[in-house]
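Note that the chains take the letters A, B and C in the order they are written out, and that residue 1 is the start of every chain.
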């Protein structure tokens, strides 16, 4: 049984110039034992997707269609009150820059107790015990509970926020760029702890990040998003080693890799399309070195090319050759269409 | 700098068009300016003239076709006084505001940009200016220098720059830290160039805003000073009219036509300044409008 | 006078900031040693990366090299001339023409009220480059070089009308338009979107090479530094812990701190098993540092010696220096 099943989810924005199709029909499954990395450049809709799932969207956003099953119940049909009950207790969300979401005028302990006593209905003793236990798990000493947020460093805050997300024993935790603002050593340790916590408490994880390397370390599944759609999804290993979609290939070209000093970085020329009037065919076609006439007319559907590994591209057989080509600079310089 | 002022004016103009309150304020000022220019053609009498019909002086006449708002106890036409009163109000308002804007902006720019000792000295002077009660200071200075409208303007300019200076300084402190200012320093721009070419254009909208508020304040202060009887006796301003009405006990005689109109005009002038200032949020964050 | 092969030489470069602290009610001014005794040189056309965690002094070093801060102590030679004490307006302006900065945040680095043309015109006016009639051509040529084509379409735009990648190219163009000899790039792509980073990095790499510029890259990202730089200096609490050719330092790190940093860098290869080095994550208070090595608190290999004696820089292989007792 999958824990979270997203089916053809659309999240659109109303803007002064028209409706922006920020997330346009994405589907994925997540088991309780899995961790999924949502990867893509800014504006691809990765944050909007999870905001749509837990329904904490901005006022001008709406969900025209789609289903989100959590433990086989369609939570898009839930009332606002039911949704409030679900958040934190079942699905904990750590938004971007959550470190700054701690209230500066209360000690961290008070913020913990507040959540656990009101939402979790624990008594003070139980709540305190649990807070101490969680602090220990995220690598903070329990004395730190009595501190105010401004006395914490960035890494400590991020840990406290993760502990707070775990306060009510959720079965799914969603984090948005959890380590972006942190120094590399802290980043490394927090990612490691996140992985450990997930296994220990049996929590599924959705992690949003622009950094493929971060996902490689933490997640076993990857979904690559481009212009509001998932273009490739599957096991992390396969996607990182043998990407099927040209966009993923391009994305991997654009990161320096410390283990490969001779890797030539190649950028993907151009910019993502406007989402108010998106192009008819494949949304990546205009930047794709392998696009053909048909890409501009027909939108490719996600297709399972190997077990559990999907790609939305017309190229389905000659992939070894494409991967080879995608590592050459000149491939990306002359975009065919 | 010329270009910057032009841009700031264009921006102010756009902002006026878009904000209903600001537009109202601007229209009020515009109407006042027109009235001031054509006053001799609208006003039926000389405001100083003691009107005589035949051999009879027209003392304390109620409103009529000849005297739209009646006459004063000295037989002067109130409507004409009201119309001519626009002139000193605007002169006082705009000149005071101009000096306030220039002085406040300069103090704020230098204080905020240089920091350190310059800042300490300028800000301590500002503190002193803040410590002086405004209206009494104007009254005393006018009493000392002699009751002329220019002395009132001078007295106000000497104090009113303080608010502008403080606000401009704090704005400069944030603009100063932005990378493009550092970029200017790296490219070798001199301090004065950085202040006037890079920083000033970014705070000009704010000084225009404070200037427009100062117009209202200055008109109000001139009115108070004149009402209290310390104004220029040769200039008929709205404050003077109120004083005149008060002294001749127009209130107890129920001569509303005498003191209500100048009161309304003072209110309109002050309100117009504040209405223009009301849209400060937008004018300070021009990028908000881009989206 | 002999031609200097080193564009930059710094000896014992120091920058201390006074910090006011309250101790038992007494206000006490203490010194924050942001940069504490740096020695390095930079050859003409060479690129050096400064890496380290936040607060290690890498940005302060960059600003010292641009003379945006005054030195607390030490000597700074630029083209063989000691310019640490130069402060006459003319000479500083002359130096400004030769040393330029590329900013981290391109959205902030351009005056929002200037058009692109105006922003690029400014340095030309300040340094009296070109005449009124030739300046437009200089600007258009520069835009071409940073791959903003066709250049004419950019001239009348304002910064908010351009994307991050385009803005950063403008920032690069502004830095290079005065024909500098030296560039400091402070996290040049960290604010940019992933897909355009590679383009900006490649542009910087190629254009600085073509123009024969010496560059200092400041970044917390060692993989970026490895890609961009000939040499790298690992900084920690205001000091250089290890410096040498980028491939040597990153390929065979000698200092325990460098090793820890490198082991923490995430890689896109999930199968790669790296040595996992755990060090305490919190940098100690930079004021009141104990004697001995700055890294002693967090060092997994610290010995009693490290607590007492500050290690010297030792050359472990050609041009590769390490400040550690272990080597």
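The rule is short, and it goes like this: contacts are C-beta pairs under 8 Å (C-beta built on N, C-alpha and C of every residue); 3 or more make two chains touch, one makes a residue touch a chain.
Treat the numbers as computed from the prediction; the structure is a model and nothing was measured.
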Taking the mean of all protein CA atoms as the centre, name the chain whose own CA mean is closest to it.
C
With chain centres defined as mean CA positions, report which chain is farthest from chain C.
B
Centre-to-centre distance between chain C and chain A (centres being mean Cα positions), rounded to whole Å:
32
What whole-number Å value describes the gap between the mean CA coordinates of chain B and chain C?
51
Per the C-alpha means, the centres of chain A and chain B lie apart by a whole-Å value of 56
Using the touch definition up top, name the residues of chain C that touch chain A in the complex.
53-54, 163, 193-202, 220-224, 226-227, 246-247, 250-251, 260-272, 278-279, 281-282
Looking at the complex, which residues from chain A come into contact with chain C?
41-43, 153, 155, 183-189, 191, 210-214, 216-217, 236-237, 240-241, 250-259, 261, 263, 265-269, 271
Applying the document's contact rule, which stretches of chain B touch chain C when the two form their complex?
4, 7, 178-180, 182-190, 193, 197-198, 201-202, 286-287, 290
Touching residues of chain C toward chain B in the complex: what are they?
66, 68, 89, 92-93, 96-97, 99-101, 103-105, 108-113, 122-123, 126-127, 160, 171, 174-175, 178
